[in-house]
Amino acid sequence: MNQPAPTVTRSAGLTVLYFAWLRERTGTAEEVVAPPVEVATVGALIDWLIRRSPGHATAFASRDTVRCAVNQDFADPETPVRPGDEVAFFPPVTGG
Amino acid sequence: MNQPAPTVTRSAGLTVLYFAWLRERTGTAEEVVAPPVEVATVGALIDWLIRRSPGHATAFASRDTVRCAVNQDFADPETPVRPGDEVAFFPPVTGG
Amino acid sequence: MAKVRVQQEDFDIGAEFAALSAGRTDIGGLGCFVGTVRETAKGRKIVSMTLEHYPAMTERALARIAAEAESRWPLLGCTLIHRVGTLLPGDNIVLVLAASAHRQAALDAAGFLIDWLKTRAPFWKKERFADGDETWVEARAEDDAAAAKWWAGPPSRAAASTG
Amino acid sequence: MAKVRVQQEDFDIGAEFAALSAGRTDIGGLGCFVGTVRETAKGRKIVSMTLEHYPAMTERALARIAAEAESRWPLLGCTLIHRVGTLLPGDNIVLVLAASAHRQAALDAAGFLIDWLKTRAPFWKKERFADGDETWVEARAEDDAAAAKWWAGPPSRAAASTG
């Protein structure tokens, strides 16, 4: 009982960006979040984000239409995320 | 002996044009010629033209590098030629 | 060497050709593609299209696509310009331009640049229809297929000609 | 519908794009190729290039090439402009431009137009070298091969994408 409780929050937050219909469904363009340390990958981050609001749950309901970039590089569910990272979620791109 | 002699020349001439090195080798850009009626195809016309001058002979020495158009359409040695036609000889084209 | 730009304002196609070839005598050909806003989308008439992008990532993604083209073809320069914001039918959206000593490289690189841009640069289009409805354009399987074909290396038509 | 022109003076690339797309909202993409005079030919430095043509035939040949492209792709317009006379390194020689609702058609048509123009339009180039020597450019087997590939119909890459 002398042991300190495990640290479950991070000191630095993760910046999460949403584009296109993910922005519309979450109602958020950018948020800084502090998930527990267990949230160490993009996939785990999504699992954690969908509990933030019904809008988040709706945005990620069809995960195979959601794309991601970590620090401005395309990423996938296994890509690690760390405090200080910028994680962006968006639909498949449609420029050109 | 009452029969008239066969007509061996035409009343209307053939216009022959030369481009690029065919023009340079024949020394001619355009000439109107009146070959005998037997000269009824491009191939026969070349056989006849090469006797006009050493320059003509040189121009047609390598026939597989000579291209032809009859009345502004690409032609080949079997293409008919008739009085009044415009027949052009030139190397393979190199535009673009 | 590549020039990449994201901007709201229109681009000047002639000026981009001129900028790429100014003072150069080693270019033999320039291949170009310009994408424009069509008024009809899936049979419905659109009144405008709004392009959103991910600013921190976009120019970097375009530069990578250009660098990939430069690694695949002997380019003497390339330009990628993409507009963002609200555009009207007939407006220019995107310009890609590739210069090379030989025509097939210039044309193939231009095709590659637009195919990869369509699947690898963070832009999203929203169409606004005459009835006020707005929908995000969905990515198309054909675009993925068009981009994927370049993984197999230059297509056979490129091998048929070097100039 | 096609615009074909043979001229001594330079062309204005931006103006040709604008002319083809002016007032139109059905175009989704324009593919373009511009050929320019390279200073080096087979390792030798050229000082000028003179283009000769067959005036009575040239525009007709260009119109046929354009018509063939229009029969193969759903084009909304195309432009072929070829310069004649004496040109200097860096000068424009030829412009081909094809507009379509979809990008692959526009790009493929532009490639087709330049490939066929190179083998079916009556132009001949003579290069003048720094030492005063002049030689007629020889037709290249690669150009014939590039033109011939279109006989087999649109290449497989065209089939992969419709837009």
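In this document, chain identifiers A, B, C and D correspond to the written order of the chains, with residue numbering beginning at 1 in each.
Going forward, a contact is a pair of C-beta atoms (placed from the backbone, for glycine too) under 8 Å apart; a residue touches a chain by one contact, two chains touch by 3 or more.
Quick caveat, the model's predicted, so the values are computed rather than measured.
Asks: Which touching groups survive when chain D is ignored?
Replies: Apart from chain D, the chains cluster as A, C | B.
Asks: Which contact partners do chain A and chain C have in common?
Replies: Shared contacts of chain A and chain C: no chain.
Asks: Please identify the chain with the largest separation between its CA centroid and the CA centroid of chain C.
Replies: Ranked by distance of C-alpha centres from chain C, the top chain is B.
Asks: Distance from the CA centroid of chain B to that of chain D, rounded to the nearest Å?
Replies: Chain B and chain D have C-alpha centres separated by 30 Å.
Asks: When the C-alpha atoms of chain A and chain D are each averaged to a single point, how far apart are the two points in Å?
Replies: Chain centres of chain A and chain D, defined by C-alpha means, are spaced 50 Å apart.
Asks: Using the average of all C-alpha atoms in each chain as its centre, how far is it in Å between chain A and chain B?
Replies: From the centre of chain A to the centre of chain B is 78 Å.
Asks: Suppose each chain is reduced to the average of its Cα coordinates; what separation in Å results between chain C and chain D?
Replies: One centre to the other, that is 21 Å.
Asks: Of all the residues in chain B, which ones touch at least 2 other chains?
Replies: As it turns out, chain B has residues touching two or more other chains at 96.
Asks: Taking each residue of chain D in turn, which ones touch at least two of the other chains?
Replies: Residue numbers touching two or more other chains: 35, 103, 114, 143.
Asks: Going by the touch definition at the top, which pairs of chains touch each other?
Replies: The set of touching chain pairs is A-C, B-D, C-D.
Asks: Which residues of chain D touch chain C in their complex?
Replies: Counting only chain D, the residues touching chain C are 12-15, 17, 21, 23-40, 89-90, 101, 103-104, 106-107, 110-111, 114-115, 140, 142-143, 145-146, 149, 155-157, 160-163.
Asks: Help me check something: in the complex, which residues belonging to chain C touch chain A?
Replies: 35, 51-54, 56-57, 60-61, 82, 93-94, 114, 117-126, 136-139, 143
Asks: Show me the residue ranges of chain B that touch chain D in the complex, using the header's touch definition.
Replies: Of all residues in chain B, those touching chain D are 17, 19-21, 69, 72, 74, 86, 88, 90-96.
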